[in-house]
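Shared between the two complexes below is subunit A, which pairs with subunit B and subunit C, respectively.
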Partner chain A sequence: MSEATAKPELDGATRLGLQTTVIALSDTKLLLGYHYGEWTFGPPAIEAGIAACSMAQEEFGHTRLFNRILKREFEVEIDPLNDTRAPQAFASIAFLDSAFESWADLVAANVVVDQALPLIIRAYIGGGLYSIARVADKMLLEERFHYAHAEGWVRLMEERGGAPRDALHDSLSRAIRDTSAFFGPPAHDAALVTAKLKNIDDDALRQRLLDRLANLLAEPETVGLTSGSQGWTLAEPLEWEDWDPARRRLDGGGPDAAILDELRGTKNVAFKTA
Partner chain B sequence: MTDQVFEVFCRIAPGDPMSHIGTLNAPHIDLARVYAWKIYDEEDWSDMWVIPRASIVSAHPANDDGAGVGSA
Partner chain C sequence: MTQVSETEVWQALEGVNDPEMPVSLVDMGLIYDVSVDGSGVVEIKLTFTSIGCPGMDMILEDIRGTVGSIPGVADIEVDVVWSPPWTKEKLTDRGRMLLKAVGLSV
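Let's look at the complex of A and B:
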């Protein structure tokens, strides 16, 4: 990688598509880190709380890396502590908008959201945005443990059956729909693929994610998936008319204000040192 | 599936003896691997093993009833 600091020459629309993708990765990892941190206390095992806390630190670290890329490559500055964006400006996956009701929500975020983001990141390795490729190795190494944690818990809850499995299936259904929306309508990222910034489009990545999730479950139909000629798809397809490409969402919502206040340290602003 | 006890062993440099650094509870070996790495990551380990306590067998003649350490 001899041109490690080179900025690819891109037209305005392609460059904007890349920028919004990096913002979406950063925002989603910020919210994912928040929820992992939230479950440092209250998980079903002390060991799981320590793992959640560790994953929170890693997600916050990844957010920082993406924010550095935004500043260096796109002259966009996001400082989580001084971020004044409204909730409706965030480009995070909707499943992360509110406090998690139970451990099932955390496992669903762990296995769906946290598996979707590395798929997207990996697609940019070897592409023209060298700054992503440069940080991807360490990030993806850490993500391997996130996935091992997620897979371990899904397997456990599937085997146990009963109420824990039902709760997991309910959480998975919501996480899968919201994360499928994050990948966007077919061909929305065609310009990025044509420009060779990524080696696979988001539609194929979504398919890969759904197939992997289906393989983990005894009855994928219970989480809203159906088997077709191309693999597993949503039984109720998403309607894309209202999809917002800047936010990669179908709805107009955003993270709860209380969550953003905690991430920004709003209650303790008087103690800020800078 | 109930939790099992796992023993965690590490070494800092290749060739060093493995040292016992702690224990953890997990329902199966896959989660035990994740927990071991997340809980005991304070050093830059070159190697980490996680072993179900029930799989450890005593070699001491005083314990020659064949029982594993974990089941003693």
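Let's look at the complex of A and C:
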């Protein structure tokens, strides 16, 4: 399979910033796909299980494409089945670290995490990394259906009120904080914007996500948001001292070992085909 | 040496079915372009219905096997492209008819 590429001349730091972004997109989509797959069973409607299964397939497909870009553009090889990285090496959004307790977690991941990634991908369209731009159209088309699913469930649980809405708000609060951290401190990606690899910085993308989420909710304050002069922000701002730029996270954790074992097929090594 | 034409390649691809549908890759609208150079190297640009398509490798293998059996083909280069993305509007009339016949709303 050949894929034409354009390799812009980048300095070391800019190149590393781009590489860590692609790894973070790949890792997060892998974990997101895992959770969608996990909720093929046990959803509140059989159609929701079918949708979750379909979204899992698409997220795994996106991971596969990002891993090809990593190999071709950065000579970094990530094969989920043969990956030996420790959980603390993953650059995924912390909200995805553990098994989801309820459907509310799935909906929160769907509407927050799954909407954050397309914002980042879209920012690279028209930038110098052709290999991202050439796959973005199709990815974003598939993501539109993920958003339709997420929006439908958020509106339904909001309308229903009571325990479903409270559970959703609790899940959203955690997903929003972890995903906000993923976007990083202001100006952390200034070099990528200056190099014209992306057309908007992550701080502005985070703002866009929070505004979009606030518009979906009757009372955005219940999920830890507050309205300010620039739009909606976190009521309790994040402290950035411990932010790890390689992992785009604030904490030292990582995905549960049991989840990584399942993703890697650890129990079925003897049956591997390659 | 036998000269291969683009028409021959298109005709061969009409015999390669999507593994999940009773429709050829051509009628699915998955083949975006075919070209053949003077030395018998065939270049095929194609896409898939979904990035997560589990049948990708199988389809590529079928293409290589089928097109590779045309006399005069020296090599096959397959370029998987994602833009413009596939939508059901890319189905041919025949593809639409066949899918309707198996109960799909297209």
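Assume the second predicted complex is superposed on the first by the 270 of 274 C-alpha atoms of A that agree within 3 Å, B and C clash if a C-alpha of one lies under 4 Å from a C-alpha of the other, contacts with A are read in each partner's own complex, and residues count from 1 in each chain.
Throughout what follows, contacts are C-beta pairs under 8 Å (C-beta built on N, C-alpha and C of every residue); 3 or more make two chains touch, one makes a residue touch a chain.
All values reported here derive from a predicted model rather than from experimental measurement.
Student: Applying the touch criterion given at the start, work out whether A:E151 contacts subunit B, subunit C, both or neither, answering first, second, both or neither.
Tutor: first
Student: A:I200 contacts which: subunit B (first), subunit C (second), both, neither?
Tutor: It touches nothing on subunit B or subunit C.
Student: Regarding the shared-chain residue A:V135, is it in contact with subunit B (first), subunit C (second), both, or neither?
Tutor: In the superposition, A:V135 contacts subunit C only.
Student: Applying the touch criterion given at the start, work out whether A:E47 contacts subunit B, subunit C, both or neither, answering first, second, both or neither.
Tutor: A:E47 contacts subunit B only, not subunit C.
Student: Mind working out whether A:R160 is in touch with subunit B, subunit C, both or neither, as first, second, both or neither?
Tutor: First partner only, subunit B.
Student: Classify the contacts of A:E59 with the two partner chains as first (subunit B alone), second (subunit C alone), both, or neither.
Tutor: It touches subunit C, and subunit B stays clear.
Student: Across the complex, what residues on subunit A touch subunit C?
Tutor: These residues of subunit A touch subunit C: 1-4, 57-62, 64-65, 134-139, 141-142.
Student: Using the touch definition from the top, list the residues of subunit C that touch subunit A in their complex.
Tutor: That would be residues 47, 50-54, 60, 77-87 of subunit C.
Student: Under the definition above, what is the set of subunit A residues touching subunit B in their complex?
Tutor: Listed in rising order, the residues are 45-48, 50-51, 54-55, 145, 148-149, 151-153, 155-156, 159-160.
Student: Under the touch definition given earlier, write down the residues of subunit B that touch subunit A in their complex.
Tutor: Going through subunit B, the ones touching subunit A are 1, 3, 24-28, 30-31, 33-35, 37-39, 41.
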